[in-house]
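Below are structures written as structure tokens.
Both of the next two complexes hold subunit A, though its partner changes from subunit B to subunit C.
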Partner chain A sequence: MMLPRAAALVGLILFAVLPARAENVTSFTLDNGMDVVVIEDHRAPVVVHMVWYRVGAADEPPGHSGIAHFLEHLMFKGTDKFPAGSVSEIVEANGGSDNAFTSYDYTAYFQRVAADRLELMMELEADRMNNLTLSEKDVVTERNVILEERNQRVENDPAALFAEQRSAAQYLNHPYGIPIIGWRSEIAELSREDALSFYRTYYAPNNAVLVVAGDVKPDAVRALARKHYGPLAPSAALPVRTRPQEPPQSAERRLRFSDPRVAQPYVMRTYLAPERDPGAQETAAALTYLAELLGGGTTSVLAQKLQFDSKQALYTSAFYDGNALDDTTFGLVVVPAPGVSLQQAEDALDSALADFLKDGVNMERFDRVRTQIRAADIYARDNVQTSAHRYGAALAMGLRVEDVRGWPEVLDRVTPADVMAAARDLFERRRSVTGWLMKGDAPEVTQ
Partner chain B sequence: MNRILLAVAFTVIAALPLRAAVDIQQVTSPGGIEAWLVESHDLPFTALEIRFKGGASLDAEGKRGAINLMTALLEEGAGEMDAQAFAAARDALAAKFTFDVHDDALSVSARMLTENRDQAVTLLHKALVAPRFDRDAIARVRDQVLSMIRSNAKDPNRIAGQTFDRLAFGEHPYASSPNGTVDSVESLTRDDLIEAKNRVMARDRVYVSAAGDITAQELGALLDRLFAGLPETGAPMPGDAPYLLEGGTTVVPFETPQSVAVFGHRGIDRDDPDFFAAYVLNTVLGASGFSSRLMEEVREKRGLTYGIYTYLYSMDHADLYLGQVASANDRIAEAIEVIRAEWAKVAASGVSAAELEAAKTYLTGAYPLRFDGNGPIADILVGMQLEGLKRSYVANRNDKVRAVTLDDVQRVAARLLNAEALHFVVVGQPAGLETTN
Partner chain C sequence: MMLPRAAALVGLILFAVLPARAENVTSFTLDNGMDVVVIEDHRAPVVVHMVWYRVGAADEPPGHSGIAHFLEHLMFKGTDKFPAGSVSEIVEANGGSDNAFTSYDYTAYFQRVAADRLELMMELEADRMNNLTLSEKDVVTERNVILEERNQRVENDPAALFAEQRSAAQYLNHPYGIPIIGWRSEIAELSREDALSFYRTYYAPNNAVLVVAGDVKPDAVRALARKHYGPLAPSAALPVRTRPQEPPQSAERRLRFSDPRVAQPYVMRTYLAPERDPGAQETAAALTYLAELLGGGTTSVLAQKLQFDSKQALYTSAFYDGNALDDTTFGLVVVPAPGVSLQQAEDALDSALADFLKDGVNMERFDRVRTQIRAADIYARDNVQTSAHRYGAALAMGLRVEDVRGWPEVLDRVTPADVMAAARDLFERRRSVTGWLMKGDAPEVTQ
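Right, the complex of A and B next:
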């Protein structure tokens, strides 16, 4: 239980030696407004090429949930120049892999190929930014695919259905309350025209971020980007990116979700929480520490109190991700031990939080978390795709390159007092949703 | 116009040579432990991968789940430290240790910063040779494992996989989950865990690789410290598994909207002269990360699934050719019909020359891209050792892929693929499907 002195000392030594040198990052903007980030990593002859659009599920028109994700699928249906399936075929014929993903705040397309194949990737991606062709048959078939995707990810998984209900309760007004993949009934009605309209509105160079990471030189990337993305015309009619915001949340929400497929019940609590903002990342940094201190593994507050001391929990966790354009959430999970009810588990959680607010941060624990956060930065650099993702996601969510570069330093400056101040602001039950996942009768959300 | 462009695109490839960075050194410690190393001093950490061959299949008779539970307890206290003290010491060093076990090997993955590597090795050594198996830790982790067993029993993917294994492998350890059952895990004692550790964690079956900020000499010294005190020998390896499944369908009723299917038949040995031909064949037929025949027929043309994948599952004591797919309850029967038809078609007529070339350029081009970091390199190296490959494999593997001819693929397709022998385990409420036999 007690931390050996020697280990604490190591933490202090690390503090002096780390952090590692900064990543080699260059950024610039093309004349048509397309932002470009180049991350050099010459360890392997590989390049990751990503195009991020500053549009996601939270930008969808009301009643058309899932259209951002549906369009992401349809972007693989081809153009006149590169017909259906040929993007993947060309990437694969060059030994690479490609894929895409949709979030609330962005939609991104990427390829991972040998570094000397970069130009071909730009040619493909620039072409489909403007020239997508869609047949009615493609749309119908692909809609069945995403309905099966929803079956696989959500309908077949009670924890995912539970998460949808919790999010819907968390957000009273903001579209973060609507699932990224879409409500089933609305997916079934999405049309070719819906997809094309979304595409024409948002897919333009002045709404995109190009990230190239790996064995490349910035000057060469600049020349290639000008050649392939430079000629694309910017959209003059790009909507201003504002979403319906949350009103003051003044009533705690509680829900119980029952499903016969649940084997292990648990309690999950989320609180509305601030996100990283350009030039203002301090609170997000403090909340990042808070999540680690409360729920980051064996030596965290919740594990110690609930798993080791009172033995009321099988597992505990805390999670926070500040990467969002609008208000995000901070979450806590308690999986009760056998014989412990969900009510007892929730009470134990609340009691642990109250103690934490009263007692404050244990300095040895705080030093360990800081050391780990610094080391995480080094370990993350082993994967060039992780770096590319970090920059692309941040820029697509309105952060700037200097915010990403400065993030490790902002994290480093966090003090225990900052963490406690952030915790006191955060833990307001009126802004929270508490959900119980329970064994029981079938819900009426499936069909 | 389109065709020409594609043809141009398809001809550009000349697979990259692997850089000198993937120069694999063979390291033998002063105490005689062997390891493979790729040095790379760009980032101040080392990735270390350790495997103990045999894995969970070395569970003693009647003690199913002992090795799995033992593995989960390796990080729950060692030497003079209880679970909390061990975790605090590890976290203060920012070292990452992951312990895992599957059918054929127990794995230990470590990430250690250069500046405190000695202390991290001291800590990891304790976990490997002196885990405490404290009574309260056993109780706590046992409850976590039991929770997982109960959750898996309600997960359609797990049910499908475990049902296939149970029907295929008879009395062999492969027939059951390494987690064990509720009953078997509840009855395990501390002595069973000590015995389980001695069965699998021995020096006669250990494989080690490292990549990153460490020299051969430093690694040699590290190895002797890390494994000092481990027993020389462990339990004998299990024999080969039988394959008892015949073609047909097994339906496991489960109330859920989408049916999940695992399907397969006999596979091919990693050492078979036709293994590479089979590997190329599978790339065309159903490998993930490639525009495969099955993806085209089942997803792209018909929208019957979000994903379908097949893979050669070559284990130490059995070889399977497996696949998986999921479709709504009223569409899974059609998906299965399409899969069987495509399987038969490829068995009869093989693949086209263009498909063969596309698969070969993909495989040869993709191979060097795998070596893109200390973590992936260490993982590949230890995997090669487990499979009995030589270090030179990295340099000549692409030649073996390129050497596969259309005749090779047709021959192996005719020999390997058998639509009649395919057995589908379907979990859900599939319309129009019933258990055969």
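Right, the complex of A and C next:
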């Protein structure tokens, strides 16, 4: 326990001593509609180059779940100019690293390289935005890779299977109820044509955000972006980004998932929760506090009541991430202590929530959480890659540069009354799913 | 109680005396791909004329739920040749009746008229298959009609709201989890363009089944169908009919729905169940028996145990309908007697199911159910409209004429062992949703 504690302490001291470093952010849009964000940070001669597409798993056509993630893999199959594997090879040969990721709301590709290699990264990324070549063999091979990835990450992990079933029960209509990696049976049917159709529909400069962060000047980035991304034609047929929204959730849901591989049973409850919206981030900010107050570490409400006072829980947690295009979830976890049943653990959770709603926020705890949130923000801004990620993700989810800039201030303005109001709106059982992960019979496979 | 009992008795006597009337069915396909089924019945000079489209609510684009049903309404707005309301007026003026209905798997339009008016019906129906005219005003007016229909049928009926939430929890991925009438918020956004796009995509002779039943000769129907439907061009871009299928359902789900308007609480459990498939109707036949054995009337297993023996229930029921393109549900209902809690009612249900799985089928009960199923089939075949409906629905759901013809025999071949095997496969809690409808606080409206 010493190391993290010490580190946190250093953080607080730094925070108390140093003013928050302002990010030096410039943004503009190319004539073809591609948004560009430049974050200057000249402390090291490196640059992070990211292209974020405003498309993710929640934009997939029904019955083709996993295609966004599949395409992310296939983007490394190369073009005529830069054949398969060459992006990663070139990046590595230039001493850099690269990666890609897919979420519900975006798909992103990034490289971290020496600052003088930025142009090469743009050349690579602009080329594969338009010129991806895919053989039938590539598709079959990569589909097997992804099925194996699903095996390892989901089928072999009861907690992941449990999470999939819970999400599906949480969302009655919205595609956030479908796993990002895709349902296995649907992954198995994904075709080259599915991938190319998704690529042609969504991979276009007017659906992309370029983020360049590090030892660069905005004018130089603008010139390079114009040279490499500027010539790409925008898509004239970009779909309007609306997903099926949730109907009123009027019945509390519960589910039980049993698996012989479960080592530690637990209770998890999620509530449908609002997300950050452009110009309206206040509720999300209050919920960010609420999650920290209830479940953020050993001084939180749940830890104090359930782990230390009543000793009914081994571990408690609360989580919320407002970074989403549509309604997201707020979650609570209780891992019962030996001899405590899941029902007792859940009852203890409900009792703690009821007390919290009745008693309100302890000011000392609130101040500590505010300090933690401020410190986390300062660390994030101090890391060029994290900072680039923040802007890219936010813009890809429909937020604006000013929303990202304003977020620390919105967080700073949150009051205990805001938190309690948000909590009262949130904790409506009709919009919740309570899941029990249990050790038990093997799940029957129905396919 | 006297009347239905007497009627049932007459049925059994009739059945014992008369052989089943064979249906005189002819089927063929027009050059443009339109399937035609003719059922001759010359006992009365009437004809039933039906057009079934192989499209329903489960084929809707995501986020546009209700468009199939909305279009069904809009089909009465008329064409240049037959303006708004004229179909129904002409039918009525000719002494007939007409109607239309939308299910998950089909949308159908039918008229019942004097046999010599058949050609006029074809003229009307062929015309509106291609030439529907819709004004913006029609769309706005009819959308309000449908929102009001939803108010009356769903929003004002807690059992219907409960059913919607249960279905959404039953299906993790398949559109059967979305209400046929549509989510209110999505109905409110349906546009003229949505309706016309759905119409142009799916309303075409190669996506339709014509059923003509009554006092007609196949050759005459063929000549008329060629004359009126024959000239319609088939759609070259008919989508392949595949919906997102269910992933493995591996976590038992439960939900509670409370509403102050609930007069009588009850427990309802549904299990995911297989449907009738072309050439493979045996399991569906066994499940048809199972539903009758468990919940069909006062001599059923659940009625005997829960209503008469333990007196814990006021009413019990089991339901199953194998008429679906994709996996359907098998349901059980227990309405507890006064003083019996929903938990006790559910426990009694589970105990009855466990006994049934242990004890097997009582032969006397099985024979009675077989007789009832035979009798129901004979009545259905004896009614020209019911018979036409059977063929139309089956063909629109992907079954073939021979599947409909063979269904009574498949039902007749079911053995007690088949029923028990089907029951053992069916009653897997991981694929079930158990819902409690309770009297309680008003559901919060989240929109």
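Keep this in mind: the second predicted complex is superposed on the first by the 423 of 447 C-alpha atoms of A that agree within 3 Å, B and C clash if a C-alpha of one lies under 4 Å from a C-alpha of the other, contacts with A are read in each partner's own complex, and residues count from 1 in each chain.
FYI, contacts are C-beta pairs under 8 Å (C-beta built on N, C-alpha and C of every residue); 3 or more make two chains touch, one makes a residue touch a chain.
What you see is a predicted model; the values in this text were computed from it and never measured.
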Subunit A as common anchor, with subunit B and subunit C clashing or fitting: fit
Touched partner set for A:G96, first subunit B, second subunit C, both or neither: first
Angular separation of subunit B and subunit C about subunit A, which is computed from CA centres of the superposed model and rounded to the nearest 10 °: 130
Which of subunit B and subunit C A:R54 touches, first, second, both or neither: neither
Partner chain(s) touched by A:D367 [first = subunit B, second = subunit C, both, neither]: first
Touched partner set for A:K305, first subunit B, second subunit C, both or neither: neither
Which of subunit B and subunit C A:H69 touches, first, second, both or neither: neither
Partner chain in contact with A:R276 - subunit B first, subunit C second, else both or neither: neither
First (subunit B), second (subunit C), both or neither touched by A:A44: first
Comparison of subunit B and subunit C by subunit A residues contacted: B
Distance of closest approach, subunit C and subunit B, by C-alpha atoms in Å: 15
Contact residues of subunit A, present in both the subunit B and the subunit C interface: 446-447
Footprint of subunit A on subunit C - complex, ascending: 62-63, 65, 161-162, 164-166, 168-169, 172-173, 175, 177-178, 183-186, 242-257, 272, 428, 430-431, 435, 443-447
Complex contact set, residues of subunit B against subunit A: 1-2, 5-6, 9-10, 12-13, 15-16, 19, 21, 40, 42-45, 47, 75, 81-85, 87-89, 91-94, 96, 111, 113, 115-116, 119, 140, 143-144, 146-147, 150-151, 153-154, 156, 255-258, 260, 289-291, 296, 299-307, 326-328, 331, 358, 361-369, 371-375
Parts of subunit A lying in touch with subunit B, wherever the complex brings them together: 1-4, 7-8, 10-11, 13-14, 17, 20, 43-46, 80-83, 85-86, 88-90, 92-97, 112-114, 116-117, 120, 140-149, 151-152, 155-156, 260-264, 297-299, 304, 307-308, 311, 314-315, 335, 337-338, 364, 367-369, 371-372, 374-376, 378-379, 381-384, 442, 446-447
